[in-house]
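Before anything else, here is the set of structures, which you'll find just below.
There are two complexes below, and they share chain A, which is joined by chain B in the first and by chain C in the second.
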Partner chain A sequence: MNSVLHQIAAVIRLELKKTFFTRRGWWVYMLALAPVGLTLLHTVTMSRFQAYGRRGHSLYTDTEIFAFLFQTYFLRLGIFFGCVGIFSNLFRAEMLEKTLHYYFLAPIRREWLVIGKYLSGLLVAVVVFGVSVGLSMYLVGRHQGAAWSSFFSNGPGMGQLAQYLLIALLACIGYGAVFVFAGLFVRNPMIPAAVVWVWENLNPFLPSFLKKLSVIFYLKSLAPVTLPVRTPTPISFLMVDTEPVPAHYAVPGLLLVALAILIYAAIAARRAEISYSE
Partner chain B sequence: MSDGLITFSDVSRFYGEALGVNRVKLAIPPGITSLVGPNGSGKTTLMNLMSGLIRPTRGEIRVLGVSPDRPEELCRILGYCAQFDAFPKGLTGFQFIHSFLRIRAMTEEECQRHTWTALETVSMADAAHRSLAAYSKGMRQRIKLAQAIAHDPRVIVLDEPLNGLDPLARAETIELFRKWGAEGRHVIVSSHILHEVDRISDQVILLSQGYVVAEGQIQGVRSEVKDQPMQILVRCNQPGRLAASLFQQDHVVEAKIHPDGKSVLLRTTDADRFYLLLNRVVMEAGLEVESVAPADDDVNSVYQYLIGAEGGAV
Partner chain C sequence: MAVYKKTYRPYEGGVTAGWKRFLTIPRYALEDLQRSRFLNIFYIASFAYPVIAAIVIYLEHNLAALQGLSAEKIAAVVSIDSGFFMSFLGWQSMLALFLAAFIGPGLVSPDLANNALSLYLARPFSRTEYVLGKLSVLLLLMSLMTWVPGLLLFSYQGYLEGQGWMAANARIAAGLFFGAWIWILLLSLLALALSAWVKWKPAAGALMFGIFFVAAGFGQAINQVEDTKWGLLLSVPSVIGTLWVWLFEGNRSQSTGGVFFRLDRSAVIPVEDCWATLAALCLICLYMLARKIRGAEVVK
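Take a look at the complex of A and B:
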């Protein structure tokens, strides 16, 4: 068992050496940096606004702004496409660059290779998007001054941040498993990415039993701040209300789904052949 | 004892409708074995099959008793230097070898030692800390070789290992092959450079269009080619007289005096009878023979006889 852990650790180390902060991943880092930029702009604008003696919005509004940013940007765009970029390339890029055979010629079970590559991708995704979530949440209400600091030190701020980080982690686990699997099968990862993305965004309109077959359904129910009810739109009547999943079901449920997908990915890797020219 | 052999038992591999190799039966002993054949003859397919990078459509392969379906066991005893001129990005030569040794669950001390030994074996220690991207074609070829042998494998599979090497590096590399072969390792080499294959091989496997055309020691393969008269070069003091005496026999089909006037090239359909006859003629005529040597038991000649124009360029 010890040697298996050594092998997995060696794969993680090599992957991090090759892929962390490389030029190829620039757009993933841009995706992660974008909300930091937006929240910085927000806090600078609000600080200027308040400096002119005008009354800004409440601290609670800032938590709602962040909740909106998290659910719309982080979950539906940033983390989703970040995971497409990171995880689908773990095997696919090696095939394109004709370097996968070096791994396949190492005396490691392909199952452990999949786990090692997946964990390295997870580490990168969690660090990049975890830092982004943390910085964005800190910056979004920074213009509130001491009240915002107190919100973290004495109020529910730290708890909320921990919940957002947990959701980001679960999103990376879930989407990561989906896209490492896709990267083993499909040459162009944008096709499965588009299919999964459409499916995830159709979630509000799906009947209850189909809603449960998506990652976003479990993640939304874990959010610490509920988004305010929006003004009805012409398609609102198509939305289907479903009871949110309790956290004690959502978290293990999502982990089990990710594990099942990873087991399929490991089986696929076990059967995989080197066929660069095809 | 098949555990000391690399065996292919009726192995076929198809790529969809296209044939890779068909009904291959081989038992490869230790030593240097060369795979010879034109592009598309199945050399790389055979190498990929024995390395577990692809699976047979039919048949069974064992490498020293281990199935290629079990890479975790096979790759402990096998090193493969593939023909792909590609490397993981962002690594130095040292990191490239060291990182893949770490995946073998070696200790850091073992990894360091094996990495330096491999680098020194291929004379790349000085360039160890340079980026792979900055290496020349010859250096890339040598670092691939170092990576393939770094774990001290018993089976070394080398796909076109001499490509891109300058003459000095090529000579050094061939010496390494000889050393590994003499140590009792299996060294499987594919090469287009037939005269070099000829110099280093203990046995050859000739391939054409996915089929094994011949296998074994090259002289043995040559003697099996009955429909092509064997060429024998005899250097002696009276080549004209020798040619006249031998040409009277029905199994000697051609005799050609060399332009230097000191040797005669003879073609015979029966080598055994030829050598008996030669002894008798030399004794009776009192000729002084300097040397007698087969002139066409090299890989190139055998390849031409067996595959010839149908095989295309090697």
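Take a look at the complex of A and C:
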């Protein structure tokens, strides 16, 4: 068992060097940094407004703003496309650089290789997007001054931040498993990425039983702040209301789905063959 | 020093006329694309909506057929106006985005990755002709998906409606033509620019989606966080939707654009700013292309 862990750790070490701060991954960092820049701009603007004696908005509005940012940007776009970039690259990049055979010739079981690569990708995604979520939430209400600090130290702020970080972690786990599988077996991972993205965004319009087959449904169930109802769109009548899943079902449910995909990918990797001529 | 007999001869055959040299590139590119089964199926499937739209137009003008189908209520709901054609354009334009994301990244990146650009440019073939040739592949395919069937549907509706309908609704035809062109031109330039800069094809395709969807989502986030409407300038669907509504209906329009390119009437951005954004995007793409499409490359 120790040797297996040792091998997985070796793969993670190698992969972290390739995945962290690579030129190829610049756009993933841009995806993660964009909301930080936006919330920084928000807090600077609001601070200047307050300095000129104008009335700002309430602390609750800031939590709503962050909830909107998290649900519309982080979950649907930032983390999703970030995971596409990080996880589908784990194997496809090796194919492009014609280096995958070094791994396949090494005395390591393919299953551990898949798990090692997945864990390294997960580590990168969690660090990048976890830091982004944490900084964005801290910055979005910083202009409130002591009230915002108190919101974290004495109020529900820390609990909400922990919940957002948990959702970000679960999103990385879920989407990561899907895209490591796609990167391993599909020549162009963009096609499964587009299919999954459309499916995830169709979620509000799907019937209840189909909603449960998407990652976003479980993640939204865990959100600490419910978004206010927005102006109805012409297709709002097609939306189907479904009760959110309780956390004690949502978390293990998502983990089980991710684990099943990963196990399948690991087993299928045993029969994988390299064809650099593709 | 050995002196070898000169064995090569200069080319003495016929030379393609200068103005149509760029057509060599689409000829070979289209041949290549024909081999992709997925692409063929996708391209044929993309004509489903125009066929359905033609059937709707037919049914709208054939009450007897509608009575047979007991669908008068459907006919009352579906009116053949600018909204109908904008929805058609919106749907087809979304399919064009998928097409551009699929084939666009493969047009330039292989030439750059294999240092083949100098082979093109060593011939009597300029950088402009090269870009034009690559661009024409996308322009041709996307034209056949967007404004060509759109104008055919318009003509069909005009034929069935009669009594000067086409003249009265000429703005719709102009909107279809120019609306489709601004979209396909933007998509083609974007696809080529990304293809030149991102050598991994799937990443370039993903970036196209990123610019379309992620920037739109980020624009929405800007609006919400900063309590403004200018974030919409980052949203390509909003910019294009605004321009379409203006092209189809003029300044006094109240419609919300086509499917996938809907506008939020509570936060409308001025048309001039949308034109400026579009021009800026196209110029950035051209600059990116000009930086990469060169006969020689300095490798650091």
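We adopt the following convention: the second predicted complex is superposed on the first by the 278 of 278 C-alpha atoms of A that agree within 3 Å, B and C clash if a C-alpha of one lies under 4 Å from a C-alpha of the other, contacts with A are read in each partner's own complex, and residues count from 1 in each chain.
Operating definition for what follows: contacts are C-beta pairs under 8 Å (C-beta built on N, C-alpha and C of every residue); 3 or more make two chains touch, one makes a residue touch a chain.
Predicted model only: the values in this text are computed from it and were never measured.
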Superposed partners chain B and chain C on chain A - clash or fit: fit
Computed vertex angle (chain A) for partners chain B and chain C, CA, steps of 10°: 80
Chain B versus chain C as contact partner of A:Leu166, first or second or both or neither: neither
Touching partner for A:Ala194 - first (chain B), second (chain C), both, neither: second
Chain B versus chain C as contact partner of A:Pro35, first or second or both or neither: second
First (chain B), second (chain C), both or neither touched by A:Phe68: second
Partner chain in contact with A:Leu119 - chain B first, chain C second, else both or neither: neither
Contacts of A:His101 with chain B and chain C, given as first, second, both or neither: first
Partner chain in contact with A:Val127 - chain B first, chain C second, else both or neither: neither
CA minimum distance (chain B, chain C), superposed complexes, angstrom: 11
Residues on chain A lying within both footprints (that of chain B and that of chain C): 24
List of chain A residues in touch with chain C within their complex: 24, 27, 31, 34-35, 38-39, 41-42, 45, 65, 68-69, 72-73, 76-78, 81, 84-85, 88, 92-93, 96, 140, 188-190, 193-194, 197, 231, 233-234
Partner chain A, residues of chain B touching it in the complex: 15, 48, 51-55, 71-76, 78-80, 82, 84, 86-91, 95, 99-100, 102-105, 147
Chain A residues within the chain B interface of the complex: 3-4, 6-7, 10-11, 13-14, 17-18, 22, 24, 97-99, 101-110, 273-276, 278
Touch list for chain C against partner chain A, complex: 98, 101-102, 200-203, 205-207, 209-210, 213-214, 217-218, 220-222, 224-226, 256, 262, 264, 266
